[in-house]
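The same chain A turns up in both complexes below, where it pairs with chain B and then with chain C.
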Partner chain A sequence: MSVVDSPSAPPAQQPPARVPAGGRARRKRRSATSGGFAPLVLTLPALLLLAGLLGYPLVRMVVLSFQSLGLRQLFGDLPATDVGLDNYTKIFTDETFYLVVARTVGFTVVSVLATVLLGLGVALLMRRVAAGVRIAMIVAMMFVWAMPQLVATQTFRWLVDSDFGVLNYLIDLLPGVDFANHSWFADPIQGWTVITTIVVWAGIPFIAITLNAGLTQVPKELLEAAVVDGASAWQTLRSVTLPILKPLMIIVTTLSVIWNFGLFTQVWVVRNGRPEDEYQVLATWAYSTAFKNNNYGLGSAIAVVTVLLLLGVMAFYMRQMFKIGDVD
Partner chain B sequence: MKRRIAVAATLAATLIGAAACGSNSDSSDTPDAAASVNGAGKTIKVWLMVDAQSGWPEVVKQANERFTQATGAQVQVDYQQWTDHLAKLDTTLAGSDVPDVVELGNTEMPKYVFNGAFAPLDKSQFENSAQWLTGLSAPCELDGKTYCVPYYAGARVLLYRTDLFSKAGLTAPKTYDDVISAAKALKQKNGSDKQFSAFYMPGKYWYAAMAWVHGNGGEIAKKDGDKWVGALSEPGAQTGLTKWAELAKTYSSGDPTKDENDQDAVYAQGKSGMLYGNGWELGAVQEQPKDPNDPASAKVKTKVNGKVATAPMPGIPSFLGGSDVAVTAKSTNADLAAKWAQIFTDAKSQEGLIAKGVLPNATSLLDKAAAIKGNEATAQAAKETWFVPMAPKWSDVESANVLQNMLASIATGKATVPDAAKAADAKINEILNAS
Partner chain C sequence: MVATAPQTAVRRRRRKPRESDTPTVGRSKTGTAVANTVGVLFAIVMFFPVYWVVNTAFKPAPEILQFEPTFFPHTFTLDNFKSAFNAPFFQQDLLNGVIITCGAVVGALLVGFLAALAIARFRFYGRKSIILVVLSVQMVPFVAILIPLFLMLQKVDLTNSLLGITLVYIVLILPYTVWTLRGFIQAIPRELDEAALIDGASRFQVFWKIILPLTGPGLVATSVYGFIQAWNEFIIINTLNDQAHQNLMAWLLQNQTSRGTFWGPLMAGSILTALPVVIFFLIIQRNIATGLTAGAVKG
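Up next, the complex of A and B:
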C-alpha cells in the first residue's frame, strides 16, 4: 500500500521517464492514451488471470443463482434446472434474511469503528515515541498481521474455552467473581464481543501502519504553527491532522468495511462449523445454505445479494480513488 | 475432392458406430464382491472416519492385508473428520475422481442413498446379512435394493466413577430415580468445587436428549399420511426434555453450548461423576494418546484410570448409532471395492471390533459382544434402541442443527421447554417436507 500524498504536500514529482542512456529517446507523455496499444498488451496477462480466477467463478455463480441445483444432479451428472427469480423471491420473503443483514451491518459498523479508532490511536502513538520503540511496535504488528486468520481464531477460541480456557481461569481468581465454566457463547452479545475482538485485533496493524505513513505527510510547520497559536492537542488533531488525513482515512475505512462485511472464518471456527441462528452473517448463511443444506442455487443467490450490497460501498471507494488521483 | 470427403465421412461414421457398439462399464451394474478380479497395480481409495484410526486401527490393517492377499490390489485409506466429511463428500462425488468405498453414519446414509451416490450391492455376498441390526441396515434399503453394508454399532450407556460412588455410599443405579438421587448425593458431597458436575451433560448433546424423549414415550417426528410432522411438543417428548433439562441445568457445570465431542477429555479431568456415552468411551476416558495430534502414539493413563465403570442407563433406550460402508456409483473399481467392503464387514473383522468394545453389525454376534468384559452394558443397551425418523431429508435436519440449537436454548435458559420444542417442530416440518 503506497503512501498517499496529501494535497498540501509539495506537488508530486512526475514519474521519471524511462530514458535509455543516449540515443533517440521519446519521453513518455503522462496521457493514458499515448503509447498506442502497448499498455493494453502489457496488462493483458494480468487481466486474463483476473478474468479466469475471479471473473469466471463470478459469472458461474450468478448463473447458478437463477437455477436450482441439488445433490441428485451433482451425483448423477445432470444439469441444473432453471427457476428464474425463485431463489431471490425466497430470500426477500424470508425473515431470516433481514435479521442476517441487520446483524452483518451491525457487526461491520461496530468493528470498523473500533478498528479505525484504535488504529488511529496507535498511529498517533507511533508518531510520538522514540524510533526504537516505533520499530518494536511495527515488528509486533507485523507478526499480528502475518498470522493466518484460522490460526489466530483457534488460539482465541482456546483462550475463552469454557472448560479449559485461560481467560475464565484468570477472571475466576478475582475475589467474589464466579467464572468457572462460563460459556462465552451462550449469550450472543458476549459471543459477538469475542468475535469482534478477534477481528479488530487482526485489523489494527494494517490501519495503524497505513495511517502512520499518512501522518508523516502532515507538515511539521502546520503543527508548529498550531501550537504557537495556542491550540490544544485535541484541537490540533481535529483541525489540522484529521483534515489532512481524511482521504486516507476514508480509503482505509472503506476497505475495512468491505473486508468485515464478508466475515466468515472467525464465526465459523469459533462456533465449530455450526453457527447458531444468532451468529449467522451473510457469508456463513450463504455457505450453510449451499453446502450444509445442499441448496446450491439459493446459496449462490445469497452470495450475489451480498456482492450487490457491497457494490454500493465499492462505488464510494472508487470515487475516492479517482478524486485523489485528480488532485495532482 | 468429393471422393475424399466421402471416404472421410464413411470412416468417421464407422468409427462412431464402433465406439457406440463397444461396451462401457455400466454404472448401474451391481458390483460383484465374489468376482475374481486381478487387482495387481490397482489401488482402491477408502474413506473411513477417524474413529477407526484412533479406536481400532488393527481391524483396518487386517482387512487391508487380507484384501491385498486375495486380490493383489492396494488400499489407500483416508480418515475423515465428522465435522466436514459431508461437505467434502458432496464436492468429491460431483467430480470424477471419487473414492471407491465410503463410510457414513447411519443417520447420514438415507440422503445419499436417495440421491444416487452409491451402487446397489448383492446382500447375499455379505456375511451375516440376514441378521443385520435394523438400525444399521434400514438406511441402506431403497426400492428393494441394498446400497450399503452395516459396519459397526454403538449403544450409549451410563459411565460412573466407582470411587466417588463408594465414597458417597452409592451402588450402580437400577432405576432412573436412582440416577437422580445419585446425582444429588454426589453434588452434595462434591459441590464445593465449582467445576464439579454430578452428571456431565453438554447442552447440545441431542443423542442423549432424544433418548430421554424416547424413554418417556415421545418421538422426534412421525409420518402423518404423506407429510412428516414434528412431535416434540407432545406430552411424552415434553416430559423427556424436561427430565433431560434437569440434568443439564442442575447437575452439570459443563458449557451449555458445547456438544459431546470433547466430553471424554472433560470427564478425564476427574471433575465429573457420571457421563452418558458410547461403550467405547469407557476406554477413551481412561487412556489418552500422549500426542493429541497423533492418534497412533502411545497411550497415557488419565486421572480417572481404573475408577470408571459402565451400567445400562435405566429407563432410557439407547440410540442405535453406528456406521455403514458403501461403494460409490462412480467408482472405477467397483468389484474390488465391493470385495473390500465384504472383507471389512465379515465375521473375522467383527471379532476385532467386538474386542474393542464396539458393537457388531448383526444380532447373532451380540451375545459374543456381551461376553467381553466391560461390554455387558452396551450389548444389553443394544437390545432396546431407537432410531431417527426414516425421512429422506432427515440429515438436513441434522445439518441445520435444529435439535442442537433447541437443546442449547433450553440448557442456557433462553427458552422454556415448550417454547423451544414448538420452534423446533416448526423447523422440522419445514425441512422434512421441503421439496
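Up next, the complex of A and C:
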C-alpha cells in the first residue's frame, strides 16, 4: 500500500533526481497541493461534530475532575464547586485505586498474551491443516467475531450458569468431580478466569485471521531454504517467519492492549451491573463512581487517570501507523 | 504509480502458486494428522457457544431447566422467540434501534465522505493533525467522555431523545468512516481526476462523477461497519436515555437485570438482536480486518 501511495508523499521530501518522469510528477504535485478553501469547507462539518461531541466533553472531563459535582448540583441546577486537587488526592490515597490499577494491568497482560499467542498458534496451524479443516476453522471464527460483545457475554453467562449451565455438567462428568451447582463467580480467581476466557475467545479470530493473512507474505523460498540448511521448525519460525510478521504482530498487540485495558462490558454484564470490589477495573470503577454513586467529579478524575495510563500505548500505536507509512 | 506497476505484477504472479499448494518440505504425515485434529478441536470449541445459543433458543423452558442438558432440542419450539418478540419494549426498542442506527450511518457517511475527500485529495495546513485526531479519538475509552456527555446533553434537553443519541453515534462511527473512506478514495488513481480537469470538468464534477461512483463499494462496506458499531452499542444509550428510548442491545441488557434470567427468551432475543449484525459482518469481514491494520501487510 505504501509503495502505491508514495507519489502523493510531500513533494519537499522528494529529490527531483529520483522522480522517473519530471514533468508528470510536477503536475501531480501541483494538483495535490492546491485546493484553497475547499479542504477547509469539506472538513468543517466533521471537525465541528468531533469538537462538539468529543473534544468539548474531553475538556469538560478534565475540568470536572477538579470539581465536586453530585446529584444536589445536578438537580438543584447549582454550579459545580471547585475543589482543586481533592479528587486526585482522594484517588491516590485510596488503596482501592492501586488494587484496581493492578487488576486492570494484570488482566490486560494475561489476556493480551493469551490472545496473541493463541492467535499466532491458530494462524500457523491454519497453514498446516487440510483445506476442509481450514474452512471449518475460518467459519467458526467468523461467527465468533461477528457476535456482538453483549450477546457473547450473555451466552457465556448461560454456559457457566450455576444451576443449569452446560459447563458445570460437562466438568461434572469427569470421574470424582462434583460440579453440580458450582458458582463460578463466588471465587474471584475463577470469575476472572471466565471473564478472561470470554475476552480471549472473542479476540482470537481478529488476530488469527490477520496474522494468517500476514503469513501468506512469507516467501516459500525462504522457508525451503531454511529447511535445506537444516533448521528446525522452531528455528525457522523464530528466524524467518516471526521477523516478517513483526510489524503486524506489533499492531495487533497494541490494539489488543488498548481494547482490553478498557474492559467494561464483560465485567458489567457477568456481575449484573453491580461489580463487587474484586471485579472492579478502571473503566467500571469510573462508571460506578459517576453514575451509581453520583459522584461525577471523582468519576471524571478516575477517567482522566485511565486515559493518562493508556496514553503511552496510544502514542506508540500512532507512531507505528505513521512509521508503516499508511499515514502519509 | 507507473514505476511500481510491473513490480506488483511480478509479485502477484509469484504469490498465486504459493497460496494453493502449501509447502510440503520437512512435513511428516503424523504431524499433519495431529494438526488436522487440533484444527477440528479448535473449530468445535470456538463454535460451541454459538451452537449452544441456538440449541437453547429452540427448547421449551422445562427442557432448558434441567441439570443434564439435551444437545439437540427434544421438543422443538418457537415459543422463546414469540415471548422475546412480545416482551415489553422489544418492538419499541427494535424500531428505535433501526431509526438511530440508520440516522447515524447516513449522517456519518455524509460528513465523513467530505472529510475523507479533503484528506485524500488535498494537502493543506493541519491535514496531519486531523489524521492524528481521527486516529486518536478511536482509542479514548468511551467511559471517559460519557460523564461530561451526559451532563452536556442533559443541559440542552437531548437526553431521553432519539436525536441526541443519534448525534452521539455519528461521532462514535465518524473516525472510522473518515479513515476507511480516505483509503478508498486514495486508491482511485489521481490521473482520472486530472484527465477530467483537463477535459474541462469542474472540481465539483470530478467529485460527483468520478470519485463518488468509484467509491461506491467502499461506501457500502463503511456504512455496514458503521451499522454494526451503532447497533452493538448499549452502554451510552443505557446511560443517557430512559426506557422508552433504548435500542435492542440495551433491551437485551435490561431483560437480564430487571426480572431474573429467563434463558430461553434471552437466547432467542440474543439471536434476534445479533442476526442483522452477523449477516452484515459475514458479508464485509474482509474490509474490517484491512481497515484496522491497513498498510501493515506489505509485499
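Criterion: the second predicted complex is superposed on the first by the 267 of 328 C-alpha atoms of A that agree within 3 Å, B and C clash if a C-alpha of one lies under 4 Å from a C-alpha of the other, contacts with A are read in each partner's own complex, and residues count from 1 in each chain.
Methods note: a residue touches a chain if its C-beta (ideal position, glycine included) is under 8 Å from a C-beta of that chain, and two chains touch if they have at least 3 such contacts.
These numbers were taken from a predicted model, which means no experiment stands behind them.
Once the two complexes are overlaid on the shared chain, A:186 sits against chain B while remaining clear of chain C. Of the two partner chains placed by the overlay, only chain B lies in contact with A:75; chain C stays clear of it.
Contacts of A:127 after superposition on the shared chain: chain C is touched, whereas chain B is not.
By the touch criterion defined above, A:163 reaches both chain B and chain C.
Once the two complexes are overlaid on the shared chain, A:291 sits against chain B and chain C alike. Counting the residues of chain A touched by each of chain B and chain C gives the higher count for C.
Looking at the shared chain after the overlay, A:84 reaches neither chain B nor chain C. In the superposition on chain A, A:178 makes contact with chain B only, while chain C stays out of contact range.
Contacts of A:272 after superposition: both chain B and chain C are touched.
Shared contact residues of chain A with chain B and chain C: 74, 163, 180, 272-273, 291. Taken together, the chain A residues at the contact with chain B in this complex read 70-72, 74-76, 162-163, 172, 178, 180-181, 183, 185-187, 272-274, 276-277, 288, 291-294.
Every residue of chain A that touches chain C in the complex is listed here, in rising order: 1-8, 10, 20-21, 24, 27-28, 31-35, 38-40, 42-43, 45-47, 49-50, 53-54, 56-58, 60-61, 64, 69, 74, 122, 125-130, 133-134, 136-137, 139-152, 154-159, 161, 163-164, 166, 168-169, 180, 201, 204-206, 209-210, 213-214, 216-217, 219-220, 223-224, 227-228, 233, 247-248, 251-252, 255, 258, 261-262, 264-265, 268-269, 272-273, 283, 286-287, 290-291, 296, 299-300, 303-304, 306-307, 310, 314, 317-318, 321, 324-327.
Against chain A, in their complex, chain C makes its touches with residues 1-4, 7-8, 15, 18-19, 22-23, 25-27, 31-32, 35-36, 38-40, 42-44, 46-47, 49-50, 52-53, 56, 64-69, 110-112, 114-115, 117-119, 121-124, 127-128, 130-133, 135-137, 139-152, 154, 167-168, 170-171, 174-175, 178, 186-187, 190, 193-194, 197, 203, 231-232, 234-235, 239, 249, 252-253, 256-257, 261, 263, 266-267, 270, 273-274, 277-278, 281-282, 285, 289, 292-299. Against chain A, in their complex, chain B makes its touches with residues 83-84, 86-87, 90, 93-94, 111-112, 114-117, 194-195, 203, 253-259, 261-262, 266, 269, 329-330, 396, 399-401, 404-405, 408, 412, 414.
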